[in-house]
Each structure stands twice: as structure tokens, then as C-alpha cells.
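The same subunit A turns up in both complexes below, where it pairs with subunit B and then with subunit C.
== the complex of A and B ==
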């Protein structure tokens, strides 16, 4: 227990150091652009917490980011590099919007049906990549990325074509009936009851790793041979893991469609999937770590747009900070990668042999 | 395990605190006696303020008005609010921060303004082109038929081949009316003139507009007017390459092709900005009748002008230039009647 605590302390310190370094470099860039770094960061903070509206927007961002990052963490634990959360999100949004717009049933049936369809759509989209991996050994990094493009263009096709709002000229579907929308918590702000779902999922994740499925997923991440020895059907578990991971993203897509936008529109995923990957890695795939990093990124995003509105510092600074964190996270992962360590050891060993 | 439960408890406590603080007070009330303070105004642009087009025209109109009213207006301008996800939060945040007037400069702001304006009845919202409004919102738009008419006159007078062209973005309301005005103007000079017309269907389709313009120039057209943002760049580019004339729109575009941009329409939004602020200050803004909820810029109110004729090829004679100016003055006084143009869709 003590070593575990020490370990997570070390990990947290690493994350904090990376963020601090990114913020320092960001501050230098703000300075170069002729603005005051302290003022810029102060505006980010007040932009995220300064009013009830901003706080509400903070959680509007945090809900999909957290749900998606938690889903991604499941795949990553199994060493399945699902970077297609954006596409899975989009497919979830499409499926649930289609149910809401075209199916004529009472709301109490439509809502669960739409959730189910979003989970299924996201899950199948990711499961497809998992199946391609088990069947053809296709690298899931490539397939999930490509599936992102397909989902994006499929969405564009729908909102410019068959699903376009007949009453307008914009690339969006018609609006969902009010009875189907996720209820707002406060009439004046956009924050909605989807936050409850986020909390439930966070709680669920704390227990997921204790379940047999969680254990199997974790074991697959340790290596295929080990898992086969342990009697696990590796192929099936890979597909199931991918599907669960995608289902989370699909659910986030439902949340965005039914809770925020109330319709399908081009670019609905807003690049959440890519940020969710960084959040999952920065949070060390640990549920608590993910919640904290997702909170941090939501502050950056909401506060960052406010900074752009209120000061002369461009939003690009926020993008730079995000980018730096991504680089640091990747660098750390690479350094920690046991494969590299082993080759290093081997290489040193060989050098020693030659020296003899 | 204990640690997990503990941290979960802490997290849920934080969350509860946040939610409770959110409930504290529902509607942000503003001080009533704010009329003597500066009017807080925000202008949200979807693009860059120096795009030589739609955004720049509004930016210049707003800053021109500001120079005369610095003592009673505080202006904040934001650029590049283009993503759908960013529009509504930007509008709502300004209203929430107690801004009195918020401009959303573009069609895509329509739905967000409708939903935000209901939540902030004390703030006035202005939408740049569109058709939906609420009690505390209005629209400013361009009455393009008279402008199209003068462009048609210039094109027909300049053309030596008797063939002119017009390239538009979406076949939507004001652009359609502009194109029809252009045809009327050109035919008033030469009833037999050949007019080629293309709608690219997309405002940003620079490549499509370029192809269309090249095709027109190759078939003998020697002057083309364009009526949109990105497509305008395509038309001007084609004119430069083919060394023919183009007529600009929205903003003075001579800088884009000094030898090939003959003239063009320039939108002067300041013509209605003053009216908008007068209505807001006098309090009549929220009680406007529906037909007055669209503030039109046109030639009559100096909201539309043509930029100085730039004719390095010498295709226009002095008296023709005078005729153009005359026609412009007549349009201004309402002496040329343009029949009402309706679009059958």
C-alpha cells in the first residue's frame, strides 16, 4: 500500500511538472507576443471560474472529455491504441440523432433507445477496428484514424444531404423535440443532467478494474502470450475491449447531441477525441488522474476562449500549451517504454562484451 | 481501496459545492441606472478583421462609428469565432458579463442568437444577415439590387465584346437580388448584351469560382462582377491571370489586383450602425415593428458605394465615367426605379 501511494505520488508529480513546464513555455510566448503572461493566465482562471455561466461552460466541456478519456483508458490499458474516439463520438451522435428525429415513439422509449443506439454505434465503430486487428493484424492506430475520416465525411454527407434541416440553409439537421432533450439543471445555463451520467461513469470506472473483464483487459496489456497461457480468449477480449472503449465515446456523442446542441451539425465532435487521448495519457490511465486532467483541460479551453475575447492574447497560445503537454506525455511514455529500456540494456551489454 | 473511496468522497464534495454555488442566484440582474455609463458593445467576427471582405467591412464600419462616439461606447472586438461550438458560449458570455449590445456578424449566428437572446432579455443582439429575430434582437443586411444595378452599368459600359459575367456564392436571398439588379443595369445600357451567370453554391469555393471565371474569360467575357467572400478571391485571381477586368464586392479590393480590379461595391455598415445605436439609446429598439427589424444598407442611405474607377486599360471614356456617376446619383435619389425582385424557389 505504501509503495503504491509513493508510486502514484511520483506519477502525479510527473504530470504536474509537465504541465508547469508547458505553462512556463507558454508564458514566454505570451511575453514575446507583447502581452503580460500573468494577466493572460489570470484571465484563463477567471474565464473558467469567473461567473456561473463560465462554470457551467466548464462542465459542458468536461462531461464529454471525461467520458471519452475514461473509455480510451480502457483500450490503452490493453495496449490497444484507440485514437478514433472522435469518429466513435460522431457515429454515436449520428445514430442517436437519427433515432430522435425519425422514430415516432413516446419520449420515455425514445430516450433509452437513443442512448442504446449511440453506445452501439460507437462500440461497433471501434469494434470494427478491433476485428480488423484480430482478423488481418491491421494496426489499430491506422484503422481508428481512418475510421475517423469516414465518420466525419459520413456526417457531412448527412447534414448536407438527407438529414439537412428542410427549413434552413445551414449544414445541420432539424432540431430535437424539447421533450427528448436532457433536462437543464438551471434555466439560464447550458449545464444539464448529463453531469450525473459522467459522475456515474467515473464511479463505475473505479470498480471496473476489479471485475473479471477489467482484469482480462489489464492482462492483455501485459502481453498476448501471458494472456493465452492464462486461458484468455485474446481475440475476443481485444474486440470486446475496443467496443467498450468506443461505447464510451458514442455515449459522449449522445450527450452532446441531446444535452448541448439539440441537433446534428457538421463538426459536432469539435476535436474532443484528440484531447481525450492526451487527457487519458496525462491521467496515467487512472480514473482519478483522468478526472483531474480533464478538469484541467476544460479550464484551459473555456478560459482560453475567454482570454482571447478579453485580452489581445490569441487562443493559439492555448493550442501551444496543449501541444507541449502532448509532446511531454509522448516523450515520457517513450522513455518509460520497456522495449526501449531492454534494447538499451542489450546494447550496453553487447558493448561490454565487445570491450572484453 | 480506502484511498479510492476517500478521493471519491472529496471529488463528489467539490462537485456538490460547485453545483450549489451555481444555484445561488438564477438570473443575473443588471443595474437599472446604467444609461449614463458607457454602452458596452461587443462585435463577434467569424473571420479576420483584415480579410478584404465581409469581416473587414464590418470592422471598419464599427471603428468609424466608434471614433465619433468614444466617450459613450466601449467596444470589444473578437475575431475568428467560426466553430459552431464556440459561437453560443461567446454570445452568452458577453451578455452574461453585462454587455448591452452584442453583434454576431454572419448568417451562422442566427440560431445561437435566437436561443441566447431569450435568456438575456436586457441585452440587444444584432445579426449580420439572416431572417429570424426576437424582441431584443434585430438584423442588419444589404440591399444588393441597387448595388448590382450600378455594377451592371459599369460592366456593360466597359465591355468591348458585348459579353459580361457574374459569379455568386449561394443562390440565396440578397445575392440573388444583386444578380438580378446587375442584369437590369447592364440591359439598361445594352439590351442585347450577353450575361453569363454562375452560382458556385458555396461561399468559400475559391477554386470553383476561379474555374468559372476562367471559363467565362475564355469565351470572350471581358468584365466579371462577383458577389461573395472566398469566391471573390477566385474571380480576381482569374482576372489577373487572364489580364481581364473584375468588379469587386463588400470591400475595396483594388489591392488584390491593381491592374485588373476595375471598381467594385463597398459596404458601408456605418450607414445603419448609427441608426441601430440611436434606436438602442432611445429605447425604441425593443418595440420596433417586424418590418423595421432589418436595417438595410443601400445606395440611398450611403451604405453602398462603388470604389473609384481604376481603368489602366483605358476602356472607359470620360463621358462614360460621368454617366456612371450620374446613374449612381440617380439611384441615390430614387430616380431609377428597380422593379421588386422576388425569388421563386
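== the complex of A and C ==
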């Protein structure tokens, strides 16, 4: 237990160091662009925490990011590189919106039905990539990427076509009935009860890794041989793992549709998928780590757009910081893994060969 | 309204812009054939193209010479892909994550650099683009001429890269070595081929092609830089490589297919016709998935795809 604590302490310290390094480089870039770094960072902080309204916006961003990153972490633990969270989110949003708009049932039936449909849509969309991988050995990176585009254009087709709001000219569906929306927590702010769902999912994730399925998922990540020896049906577990991963993103899509936008619109996933990948990795695929890094990235995003409005500092600084963090994470993982050790050994081996 | 579509003029301009729009997809795709044949999946093409776009534009603007601009795009594209090479080959990092990271970083760095170099201006700075070159005689042929022989020089050069890429890959020892390190790095290593060196050069060639295509977007297509200028073309290029199953000739077909879909969408939009063009845009991606299924069955994918090589691991 002690070593475990020490280990996570070390990991956390590493993550903090990487963030600090990225922020320092960011500060230098702010300086070069002719602005004051401290002022820029102060605006990011006040933009994220400055008022109740800002706080509410912060958590609105954090909900989908956390849910998606947790889903991604499940796939990544199994070494399944699902980069299609955006598409799975979009399919979840589409399915749940369709239920909310077209199905005539009392709200207490519609709401659970919409959640279920979002989970299913996201899960099947990712499961399709999992099935293609097991059946045709199709690389899931490419298929999930393609499925992202297909979902995006499908959404565009719907909101410009059959699902377009008959009353409006914009590329969006009609608005959801008030009785269907996720209730607001406070009357004047956009923060909604979806945050409760996020907290529930976070708690569930701590248990997930202790369940047989969580264990199997983890084993798959150790390599096909290991899991075959352990008597695991690898193919089925790959598909199920992908489906669960996608179900999380689908749920996040429902959350965005029913809690924030109240309708389907073009570009509803707003590129959360890529950021969620970064969050999952910075959080070391660990639920607590993911929550913390998701909180951090929400600060960067909400505060960053505030900074762009209030000062002359361009938002691209935030993108640079995000990008640097992920590069540092990769570099650090590579260092920690055997890679460097191997390189050293290879180098030494070569010297020896020459000596002969 | 439909009669507007089925005129000869519409068809000619549609096919001409298909070729123009295919160029910035074809070029990075050809570059990625090198990279992927060597066993590296560089998802960071999008970022490399954005870097190429901003550096090509800046260099062209500051020097007043478009060719130096293209050269700038190529050099910075190579420098950017050097990061990818370093992460994926030397550090043996996960290629998917490295690619996504470099895309996010590339977008940030490009927009930041543009802002620092040009500041905030009321009107976006612009460059004179390459002029159209009418190929003598051929461009006078009705219908065929305007479609194929009235483009700027970079379009011709882009398509010229198809046989060049094919030749290098199929007819030179360098091409053989690339395929060897992608197919069986250990065997290549035992034959005295430096896996790392070949993979580095394959990634850098991919970067050069992508950088050139990025510069094409700013100085031969839009003549200015915008944040979303690449608009997913890097990812499309990757799908074209898969679609074409790593064969240059087929990648030309793939690029033309994507080019046609977006050209048709743009033309229809210009006419104000709102048919389901989103479904049309979706089609190339569906075909890519199908191609991937076929490619997997025929095992045309390099065996060491996305797998780092280490002498000590078996």
C-alpha cells in the first residue's frame, strides 16, 4: 500500500512538472507576442473561477470531457486506440435527440429512453470498429477516425435535411421540450444536474477495474498471448471494451444535447474527442488522474477563451500548452518504459561489436 | 434548377476544380505512402500541413517569391515531422498519440506564429498566387483543355509526383529498403540496413510532401492563411493512403474521389442547390473503410505497421 501511494505520488509529481514546463514555455511565448505572461495567466484563472457564472461554465465543459476521457481510458487500457470519441458522441447526440423530438411518450419514459439510445448509439458506433478489428483485422485507429467523419456528415445531413427545425433557417433541429431537459442546478446559471451523473460515473470507474470485465480488459492490454493463456475470449472482449468506451462518449452526447444545447446542431461535439484523449493520457488512465486533468483542461479552455476576449493574447497559446503537455506525456512514458533502457543497451552493444 | 447541373459548363468547371482540389490531398498522401510503407503511421499530417501552410505563406510574403515560399513549406514540414520521427522511432512512443499531440501542437504553433509575424490586421495579408499555365495546344482542346490543361504549375507538379513516387518506391534500392523495414525490420537489420535511418528518411519525406501541400493551400489556392485552412485534408490524405492500399497510382484515384466529392459540394452550394450533399461527402470515408477491410484480407498492410523496432525485443 505504501509503495502504491509513493508510486502515485511520483506520478502526480511528474504530471505537475510537465504542466509546469508547458506553462513556462507558454509564458515565454506570451512574452514574445508582446504581452505580460502573469497577466495572461491571471486572466485564465479569473476567467475560470472569477464568478459563479464562470464556474458554472467551467463545470459544463468538464462534464463531457471527463465522461469521454473515462471511456477512452477503458479502451486504451486494453491497447485499443479508439480515437473516435467525437463520432460516438455525435451518434449519441443524434439518437437521443431523435427520441426526444419524435417519440410521443410522457417525459418519465422519454428521458431514460433517450439515455439508453445514446449509450447504445455510441456503443454500437465504437463496437463497429471493434468488430471490424476482430473480423477483418482492420486497424481501429483508421476505422474510428473514418467513423468520426461519417458521423459528422450524417449529423450535418440530418440538421440540414430531415431534422432541420421547420421554424428556422439555421442548421439545427427543433428545440427539446422543457420537461425533457436535464434540470438546472441554479436558476440563473447553465450548470445542470448532469454533473451528478459525472460524479456517479467517476465512482463507478473506481469499481470497474475490480470487476471481472475490468480485469479482462486490463489483461487484453497485456497482450493477446497473456489473455489467451488466461482463457479469455479475446475477440469478444475487444468488441465489448470498444462498446463500453463508445457508450461513455454517447452518454456525453446525450448530456450535451439535453443539458446544454437543448437541440441537435452542427458541430455539437466541438472537438472534445481529441482533448479527451489528452486528458485520459495525462491522467495516466486512472479515474482520479483523469478527473484532475479534466478539471485542469477545462480551466485552460474556459479561461483561455476569456483571456482571448480580455487581453491581446491569442487563444493559440492555450493550444500550444495543450500540445506541449501531450508531447511531454509521450516523452515521459517513453523514458519510463524500457525504450531508453533499450536504446542504451543497443548503444552499448554496438560499442562492444566495434571493439571486437 | 436541376437543368443548371447538367450543363456542359458546369461539368467542365466541376471536373477542373476536382483536379485542383485533389492536389493538396494527393501530395501528402504520396508522402505518407513512403512513411507508412516504412511502418510508421503518422497521424500528425494535419499538423504538418498547417505548419507548412503558415511557413510557406510567411516566407512567400516576406521574400516576395512563391518558390521560396514552397521551399519554406517543405523545410518546415520536414522539421515538424522530425519531431514525429524522434518520438516514434528513437523514443518508440505510441504513434497514434504522438500524431494527435503533434496535430494539436501544430495548430497552436501555426496560429501563434502567424499572429506574431503579422499581428492583428484589418485585412488579412495576401500573396499573389501562381498564375494559371495554359499548356500550349492541349489547353485549346474543347472540354478536355479546361479540365486538364489550365491549372497552376503546382497542380501539374503534384500529379507528376505520382510516377516519381512510384519509381522511387519500386525501382530504387532506397524504395526496397523502405519496404523492407516496414515489412520485416529484423531481417532488414540483419542485412545491414539501418532501420532507424530508413524510417527517419521515410518520415521526413512524408513531412516534405505534407509541408509542400500545406504551402499549396496558402500560396496557390487561397492566397492567405486562416486557422482552418487545412480543414481535415491531412486526415483525408491518410485515408487515401489506406484507400489506395499504399499504391501511388491508386492514391491518385482516391485523391480525385475526395476532390470530386468536395468540388461537387462546393459547386452545388454555389448554385444554392440543397440536395443531400453531406451524404456524398460521406461516401469517400465509407469507401475507405471498405478498402481497409479488403486491404486487411489481402495482407497488403506492412507487417510492422505502427510497431516500433528494437533490437532487443522479439
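As a convention for this text, the second predicted complex is superposed on the first by the 332 of 356 C-alpha atoms of A that agree within 3 Å, B and C clash if a C-alpha of one lies under 4 Å from a C-alpha of the other, contacts with A are read in each partner's own complex, and residues count from 1 in each chain.
Assume a contact is a pair of C-beta atoms (placed from the backbone, for glycine too) under 8 Å apart; a residue touches a chain by one contact, two chains touch by 3 or more.
Bear in mind that the values here come from a model prediction, so they are computed numbers and not experimental data.
Novice: Pick one for A:142: touches subunit B only (first), subunit C only (second), both, or neither.
Specialist: A:142 sits against subunit C, while subunit B stays out of touch.
Novice: For A:291, is the partner it touches subunit B (first), subunit C (second), both, or none of the two (neither)?
Specialist: first
Novice: Return the chain, subunit B or subunit C, that is in touch with more residues of subunit A.
Specialist: The larger set of subunit A residues in touch belongs to C.
Novice: So, A:265: does it touch subunit B (first), subunit C (second), both, or neither?
Specialist: In the superposed model, A:265 contacts subunit B only, not subunit C.
Novice: So subunit A touches subunit B in one structure and subunit C in the other; where do those two contact lists coincide?
Specialist: No residue sits in both footprints.
Novice: Flag every residue of subunit B that touches subunit A in the complex, lowest number first.
Specialist: 3-4, 7-8, 11-12, 15, 18-19, 21-28, 42, 76, 78, 80, 83-86, 88-90, 92-94, 96-97, 107-108, 111, 119, 170, 172
Novice: Going by the contact rule at the top, pick out the subunit A residues touching subunit B in the complex.
Specialist: Contacts found on subunit A: 5, 51-57, 59-60, 169-170, 185-191, 195, 199, 202-203, 206, 261, 265-268, 270, 288, 291, 302, 305-306, 308-310, 315.
Novice: Mind listing the subunit A positions that touch subunit C in their complex?
Specialist: 29, 32-33, 81, 83, 132, 136-139, 141-143, 145-147, 149-150, 153-154, 156-157, 160-161, 274, 277-278, 281, 312, 314, 316-324, 326-327, 329-331, 333-335, 337, 339-340, 342-343, 345-346, 349
Novice: Looking at the complex, which residues from subunit C come into contact with subunit A?
Specialist: That would be residues 41, 43, 83, 87, 90-94, 96-98, 100-112, 115-116, 120, 232, 235, 238-239, 242, 274, 276, 278-279, 281-282, 285-286, 288-289, 292-293, 296-297, 301, 305-306, 308, 310-313 of subunit C.
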